[in-house]
Structures are given as C-alpha cells and as structure tokens.
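Input: structures, listed below.
Each of the two complexes below includes chain A, the first together with chain B, the second together with chain C.
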Partner chain A sequence: MARIFYDKAPVEIQALGTNFRETLIATDCSINFNNSQSPIYSVGKKGPIGQFPSAARVGDISFNFLTTITGEFQNIVGIGVTSERNGNIINYLADAIKNSTDSEASGVIIKCANVSGVGFLSSYSFNATANSISSSSAAFTLFGSGSDLPVSGRLSGVSAGVAVGTSVTTGIAHGRYTTMPSTLNTKLYDDTSAQNPAVATIYSADYSISFNHNPIYKIGQEFPVTTFYTNASESINVSEDLFNSGLKYDETAASYNLELKGLSPTANPMLLRITDAKQINTSASVGLDDIIRTQKTLTAAY
Partner chain B sequence: MFYTANNSKLQVNGNEILASNAEISLQANLQPNYNIKQRHTESFTATNGIGGTLSFNYYLTGVDYFKSFITGQAEIPFKSSQVISGNFGGLNFDSGYLTSYSVNFSPNAPAIANASISFFDQLNGQFVPTTEQAPTDKEVLNFRNASVAHYIPIENTTLSGSVEDFVAGTYNYQSEVQPVYLMGETKPSAVSFGPKNVNMNFETDNPTGYLPVSGNTARISVDLKNTANTVVENFTCSGVMRGRNLASSVGDYIKQTINVTQASTQDTNVYVGAIIDSYGGEGCVGIGTIGGNI
Partner chain C sequence: MLGRITREAERLTINGSGIQGVQSLTASYNSVARPVSNLGINSIQYYPEGPQQATLEVNTLLTHFLPVPNELSSYKSRDPMQNYTGTLPFSGVVDHGSKKFYFTEGYLETYSATCAIGQIPQSSTSSVIYGNFGTGAQFDSWEQTSQTPTSLNVTSYGSMEINLDTFVTNRVNSFNVNIATPRLPIYAIGNDEPTGVIAGTPIEVNVNFEIEPDDYEIKNMRLIPDETVFKNTVITLKKNNSHDILLKYSFDDMLLTSESFSANNDSNARINFNLRSFILR
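The block that comes next holds the complex of A and B.
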C-alpha cells in the first residue's frame, strides 16, 4: 500500500533524447489511464454479448504549477529563441512545438511519484494578473508507442532533488513587474484627436494554447506506430477598461512578445511570442463596486 | 404492433448470426402496361420473378462460416453449402446465394463482416418475435490481435519502395449470380454464376507511385487471432496489385493505399488425374506414345 504525501510526488518533465529536465513547482497533478470498452449487442438477443475493447488505451496527465522562470534550455528551444531567453520547460516545449516544421512528434517523459509516461502536450496556459503570482497549467496526452504502455510505474515517494542536467528555477512570474507589450493595449481614435488616442489599461492577461496530435494506429498493434503533430491554436484573453466598439470585420494581424517577470525587475523574463494574432471579440461587463471591465480575445494559429 | 431488434433472430442455414444490424428487402418486378395512345394505365404485369436481398453486419467470433461460400459456391464439385437459406424473425427463404462479402480491418476495432445474400423467391412464413438472452460465451475478435503477412516483390527497383506497416484495409468479395427461369417458373430452377473476385485495399506506409503496366504480383494475408493468440481466421488475397492511391488532407498524414485483386477463388483445381483407355486401364493412349507426357 502506498501512502505518499504530496511532498514526495514531484512533477518532473524530461525532454526525450536529451538530458534536459525540470522539476516543476506543481500545485496539483492528476493522472488518468483509460481503456475503451463497448457493449456489443446482437439482433434477436436481449442483453449484450459482452463488453469488448474498441480503441487503444490512452492516458493523460494534467497539472497546475507556478509559472517558473528557469535558466536557459539550450538545444531544445524553439525557432527564434536566443540564448538570452529564459523560461520553464513547458514554455519552451510549447514554443518548440508550435514553431516546429517537423510533423513527427517525439513527446516528453512526465513523471509523478514514480508513475511515468511519454506524453504529447495537448494544452498549456498561464495567467498574469496585477500583484499576483502567475500560475500555469499543462495537460499531456499519453498514447504509448509500439509495445510501450502509455502509463507505467508504481506509486512511490520520490524526493525532489536537483539532478545533473536539471535546470533550476531562478524566479516565479509575478504581476508586479510584468508588463504587456504596448501594442496589445486597445487604442481608440476619434476624428478630432487622432493624435491622442484613448489607450486602455491592461489589468490581466490569460494565455492558452492547445495542440492537436494524430497518433497512427495499425492493425495487429494496440499502440501507435508514430504520432504526428498537426496544428495548434493559441489565444490570449486581455482584461482592460476600454470597449472597442469599432471591432473590424477583419482585424489586422500583429505579433506580440509577452515578457513575464519575477520580483526582480532586472532579471531575465520568461518570453513568449504570439505570431500573427487577430482580435476576434470584445466584451464589457460591470458589477457592484467595480469599474467597467472589458475583455478582448486574440487568436493565432500554427 | 412494434417489436425491437431483440425480437428478430437472424439465422442462415440454421446457424445463428450475431448481427449488429440486418435488412431484408423484397422486390417484385412489375411493369406498367400501356396501350398505344395511352399515357395512363392501371395495369401492371410481372416481367420477372420475385426476388430480394438479405444483408447484415455481424461480429466475427471464430471461424467465419460465410468464407466457405467464397471458395465453394458455384464450384465443382458442388458443395452442400451452395445454396443459402435464411430466416429473419420467422420470414424465410431457401434459395439464396452469397453475392458480396466484406470485412473492414481497422486498428483496435472489433472484427465485423458484412454479407449480402440474394434470393430468388418469395418470403415464406410470418414474423414471430423471439425473446432470448444473448450468449455470454462468445469472444468478439479484435484487429488488435491480427498479423499481416505479405509478399509484394516490388523491392527490386529504387522507385518501388517497400511496405513495412499495414495500417487498415478491407477485404471484399463479389460474385455475379443470375437466376435462370424456365417457361412457367416464377422461382428459378437454376442460377448461373458469373465471375467471382476478391480484392483487398490496404493502407500502407512508404508512399510510392510504382505500378507496372502489367500490374504487380502481390499477396496479402491477414491472420485474425483470439485473445489466446491462436489464429482462428485468415483473409488472403493473392493476385495482382493493380491500383495505388495517394491521398492527403489538412491535419492528416499522407495515406498510401494499394489494391490487390484476385480473380481465382476456387478451392479445388480441375486437373487430369489419369488417362484411361477403352478397357479401363490406366496408361498411355495412342500409337507410339510412351511415358507420362502426351
């Protein structure tokens, strides 16, 4: 029987084929492992013949973690990433996948309390709010491969140490010094003061990206031969105080560099680049004892 | 009165079929009679015998009974399995012939076959609902427990490529069956069998456009196993590869499909076993002939 307290269940991510790994400051983690059983019925018969498998076993792991700013991850970075950029391994992974021109995906090893599997990032998100610690969340789908199970291992306590090749957290993203790019603020112009637009104040921003993967199964084998990455959709939801009633039919695409900083304003921030995003909606809402807040959503596709 | 699918048992030649769905249709061949200068008529006349089809999808749980019709139907020597009788909820016929049969090979999917039987008679009997508990001792075979063997001698050229992975496919059998009516008959006294063929479409890896004008000898064999890893059924198509298809769509991978057709499906070969002279003796015939070759 395994009675493992949370302090012995660190969430560790390791890039396949490399020595790079990071133990995230996770606040929770859940692991699911499912098979697919379908009841089969026959005409002329009451009740099922039985329940039989109809799809391969699939697992998923999801967790929330503090948006850590970590040292550089060389060699596993995405396109356009320079050595000056810091960020946690999930942020790098998302950046690498969305900018990848390869189709075949390799996945990463995810471990929690000695249970592990090779997973493909299905979603990643973080928030940045005034005067708050930023939190992130990530979810992986585990398909398995060849004869390898999607999820394996037995629950046992693991001490979260710093091993060779492990990157160390150098900061935690916080809203105090994090600023959004000035181009992200909504600006409204009128006919009489075109040079002095009204500029919105950004109060918070929620970022998310989801990835689609396509595992290739063949007859005679439960788990996929290979898994392809197909596409990704990215969005950022920005909370402001200016309603853009002039939302265009076809907004102009723009790219944004988000820099999430820790409590040291001079340390390197975690950088995330949104490419060719277009605003798709705007909304306003007000409640008691608060100002009118507006929301706008920008989406990008990869 | 309405009944549910639970109440209509399907039997073929007395064997119960575990079908996921079944459909029986009956058609009378009628033609309106028009006189000269007439655009309207209330008169219809039968132009041919009555007939119908029974088609159903069923789960493979072991050796497939219908596969014997592929190699046996219409072949010499005739087999007892030549004619098919069917009973669907009490409605029955006794002059059916297998005209199409197919199996889809999908990864991790239960093995399901489709059969279509043509019959040339009226439906007898009446619908009698049944209430039976489903058997619980059957194992529905799954294509997770399958293995594919192939012989596709196309590795000889750099253009041809080689096949390593078989992703999914179909096994299809088609047969032409035509009723032969004699004068005064509404139920045919005989049927004539046309060409039979088996073809397999298989999605494979390694896209290539190699296909000679004469086709390419090919053989694909799928062994279907139970959970004890014992081969219980086999689907083989040995003929010529005569088609390739390469397809791609957004968000998907490149799919390469090959088509193999087999036009010889009999399980018995006709051959000269011996030459008998007029006295019943086995030996050479004709002046000057010696040896076994004539």
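The block that comes next holds the complex of A and C.
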C-alpha cells in the first residue's frame, strides 16, 4: 500500500546530459498517463469487434511552484551564476528552448514520489503581483522514447531530510521587490504636453509561454524515435490604470527584460527576456469600490 | 530593570501636536509572515504575503480643542482627530518612558463621539497605518511638522444641546455618533507602500440614542413611504457651564433604522434607536 504524505513527494527536474538538477518548491503536482483506445465496427455485426490502440501512449505532468530564484532556499541547486542564467530550472529551460537553433529536443527528467518520465515543456507561466509572492506553473508532455515508457516507476516516498532552524526566505520572487521595465508602462501623449506623458502604474503582470513539439513516430515502434521543437508563443498580460485607445493597426515591436527579485536586495534577479513583442489587446474594467483597472496583452513568437 | 511605565511617561503626538485627554491607546501591527509549504517540505522558511499595515486606536476625552478656525486655517473642526476624516493622512510618534516608536501615512477609518449622563464626552478613532510603523533606520531622519496646539476647553453632558424633536418630552440618557470613512489603498508592483490611498465614498454615519420615553412612540418596522421616518440631527457640544460652542455634529435626512424597547423590574423603560445616513464626498 502506497500511502504517501506530501512531505515525501518532492518534484524534481533534471536536465538530460547536464548537472542541472533542481527540487522545485511545488505546491501541487498531477501526473496523467493516457492510453488511447478506439472501438472498431464492421458490417454485419452490431457491436464493436473490439477496442484497439489508436495512438501511442502519452503522459503529462503539471505542477504549480513558487518562483524560486538562484540561491537561498533549502538545498536548491541554482542555475548557473551569470546574470543571464539566474532563476529556476523551468525558467532556464523555457529560455533555452525558445531561443534554441537546434530543432531536435532532448527533454528533461521529471520525478515526483519516485514516478518519473522524460518530458517536453509544453507550457510555463508565472505571475507577479504587488505585495504577493510569485507563483509559477509548468506542464510537460511525456512521449516516451524507443522502448522507454512515457511514465514509469512505483509511488514511494522520497525523504529530503529535515533541515534545522528557521529563516526568512530570500530566494523566492516577490512582487514587493520585482520591478517591470519602464518601457512596459503605457504612456499616453496628447498634443499639448507631448513632453509630459501620462505614465501608467503597473499593478501586476502575468506571463505565459506555450511550446509545440513534434514527436516523430516510425512504423514498428510505439514510441517516437525523436522529438522536434517547432515553435513557441509567448504573452504577458499587464494590469495598469491607463487605457490606450490609440492602439495601432501595426504596433511597434519591442523587447523587454523582466527581472524578478526576492527579499534579498543584493541577490541577482531572475531574468526573462521577451523579444519583439507586440501589443494585441487593451481593455478596461471597473467594479464597486475600486479604481478603473486596465489590461493589456503583448505577444511574441519564436 | 523590571521597571514599569505609567501614564505620565506616555504621550501621543500627531503631526507635531500632542493629543491631550487620551484615555487609551492601542497601536499594533502584523508581520503577514507565512511559512513556505511545499511538496517534499523539509524546512520552515517565511515570506511576507499581502500588504503590511498597522493599526492605531485612540480614545480621548473631549477636553482640548483647536482655536476657532477661520478662512486661513488648515483645519475645519476644533477636534484635532475629526479633521482626519477627510483625505489627509497623518504621522506621529508614541513616547513610552525613554523609548518611542513612529508611524507614517495613517488614515482615519472610524471616528466616534459618545456621551452619557454623568460623563465627559469622548471621541474614539481607529486608523490604518499604510506607511512605516515602529522603529529602525527608516525613522532616523524623520521629523514631525508643527501644528496648531490645542487648549483646555472641557465639554460636559450638562451643557450640550441635542436638536431632535423627540427629546422635548423624552429624556436622553446617552448618544453615540459613529462616522466610517472607507479607504482604498492602491498597491503597485515593486512597492510596499501604496502609491495612493483613495478616500472612499460614501461615508456612513450612524447615530445611536438611548432615551427614557415619556410619550415617545415606536414606529412601524416596514420600509414603506408613509411610515418610514427621516430626521435631521444636530448635536452641539459646548464648554462646561458656558455657551461657547466647541463642536457641532449635524446630519440631515437620517433614516430611522432600528428601535429597541427594553423594560426591567428595577429601572425605567428605555428605548434605543439608531439613525443612519450616508455622505457623498
């Protein structure tokens, strides 16, 4: 009987062929393994002949986690030391994939309570809100490879040991210390005060990116021989207080560096670069006992 | 060592002016620290979640008042605390013995004035501190601005006027005026203090009276046009044994929202009723 409490079910990510490995500060995790079966019917028989496999078995793993930055949380193995690579392993992975020039993808090993598989990042998102800790989400698709199953292993508890003492965590991104690039704030000009634009205040930002992968199957084998990364679409939804009614038909593309910081003012931030993003939407809404808040969405493609 | 600090060594100063007649004072904050909880948890670490705010509650006797305001005055009410029911914030310091702590960007959320037979009228306020609170480096270079000082003018229950037709023939035992001024702090990303605090609207005013009735008649509970009662209320506080007006609470078209009759074998019959109105800023 596998009765495993949550403290024995850490979520661990390990990049294949590298030393990059990180136990995420996950708040939940779900693992699915799907086997597609279709009924086959024939003339002269009312019921189906049977149910037969119609696609290869695939799995998926998704989890939410606190947006960790390199360093001082538990025994996290940080990602690199340069300013370009601070952040958690999922952020690093997303950055590496979307800027990849190599089409063939290698995937990463995902483990939770001794169940594991090789997965390809299908989506990643995080939020940054005033006075709140930042949380992230990630989802992986597990295709399997060769004769390797997409998902394998038996549920069992994994002990991480118990650390001594308590402290204030400094390695988790927090909206209090995170700043958005000044170019991301909406600015509105009018004819009379072009030098003094109205500048919006940013209250929160939600970032997300989704990836498309293409597994290559061959006759005589259930699982793919290889998997290619094809493209990615990225978006950031920013909450402000200025409504840009002058949205252009062909908006200018711009790049933004988001820097997520934790409670330590001196630690390097987690960097995320959005390249050639265009604003595609703006909206305003208001409810009782609140100011009018506006939303704008910027998208980029890779 | 193991000393104690008594009332003579305690003092509240707001915007550079000492608050007199303080009966009680409570100042507190919560750190909003939350422990990190995660799958595979193996240690306890904390992080702040949500805005960090403090509260200040002050109860004072209405014994000290500002000078009569004129066109050039920066205040409208002679009660120093009542002036903060508007949009202005305040800062201050609390002395206790040789120690002190500070607070900045305080906004009044409730203001109430009460009086009963045999009492000196009192005011009570509760405020939210959106700026800083406590001690530390943030206050090293902090200085208070000076404000007009108050002077001794004791009010009393015997020299006040209540203008409500009900009270011509029915004895008033006590009253309570309560003003709630909602605040909406706007927090932006990258800041722990709000970028602005909006003075919400409407302001809710509740006035409660307790009377010993003679010919007072309980009204009808149904909210119907012919039976619903609206009243204008004026409460004037004067200096003890004089006609010098110190404070006046005046509200129009207050809706009678509740009446409570109570009878007891060892006291006179009593009726408590509540009048309610809203003021748009």
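The rule is simple: the second predicted complex is superposed on the first by the 277 of 302 C-alpha atoms of A that agree within 3 Å, B and C clash if a C-alpha of one lies under 4 Å from a C-alpha of the other, contacts with A are read in each partner's own complex, and residues count from 1 in each chain.
We take it that a contact is a pair of C-beta atoms (placed from the backbone, for glycine too) under 8 Å apart; a residue touches a chain by one contact, two chains touch by 3 or more.
Keep in mind that what you see is a predicted model, and the values were worked out from it rather than measured.
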- Message: Quick check for you: in the superposed arrangement, does A:43 touch first (chain B), second (chain C), both or neither?
- Response: first
- Message: Contacts for A:221 in the overlay, against chain B (first) and chain C (second): which applies, first, second, both or neither?
- Response: first
- Does the superposition put A:212 against chain B (first), chain C (second), both, or neither? first
- Query: Which holds for A:103: it touches chain B only (first), chain C only (second), both, or neither?
  - Reply: first
- Message: If we overlay the two complexes on their shared chain A, which of chain B and chain C does A:55 touch? Say first, second, both or neither.
- Response: first
- Item | Partner with the higher number of touched chain A residues, chain C or chain B | C
- Query: In the superposed arrangement, which partner chain does A:6 touch: chain B (first), chain C (second), both, or neither?
  - Reply: second
- Message: One more residue to check, A:94. First (chain B), second (chain C), both or neither?
- Response: neither
- Message: Tell me the contact category for A:142 with respect to chain B and chain C: first, second, both or neither.
- Response: neither
- Query: Counting only touches as set out at the top, which of chain B and chain C does A:129 meet: first, second, both, neither?
  - Reply: second
- Message: So chain A touches chain B in one structure and chain C in the other; where do those two contact lists coincide?
- Response: none
- Message: Touching residues of chain C toward chain A in the complex: what are they?
- Response: 33, 36-52, 182, 184, 186-192, 195, 198, 200
- Message: Per the contact definition, I'd like the list of chain B residues that touch chain A in the complex.
- Response: 5-10, 16-22, 56, 58-59, 89, 105-110, 130-136, 138-140, 142-148, 165-169, 205, 222, 251-253
- List of chain A residues in touch with chain B within their complex: 38, 40-50, 52-56, 103, 212, 214, 216-222, 225, 228, 230-231
- Can you list the chain A residues touching chain C in their complex? 6-11, 23-29, 63, 65-66, 73-74, 112, 128-133, 158, 160-169, 172, 174-180, 201-205, 263, 289-291
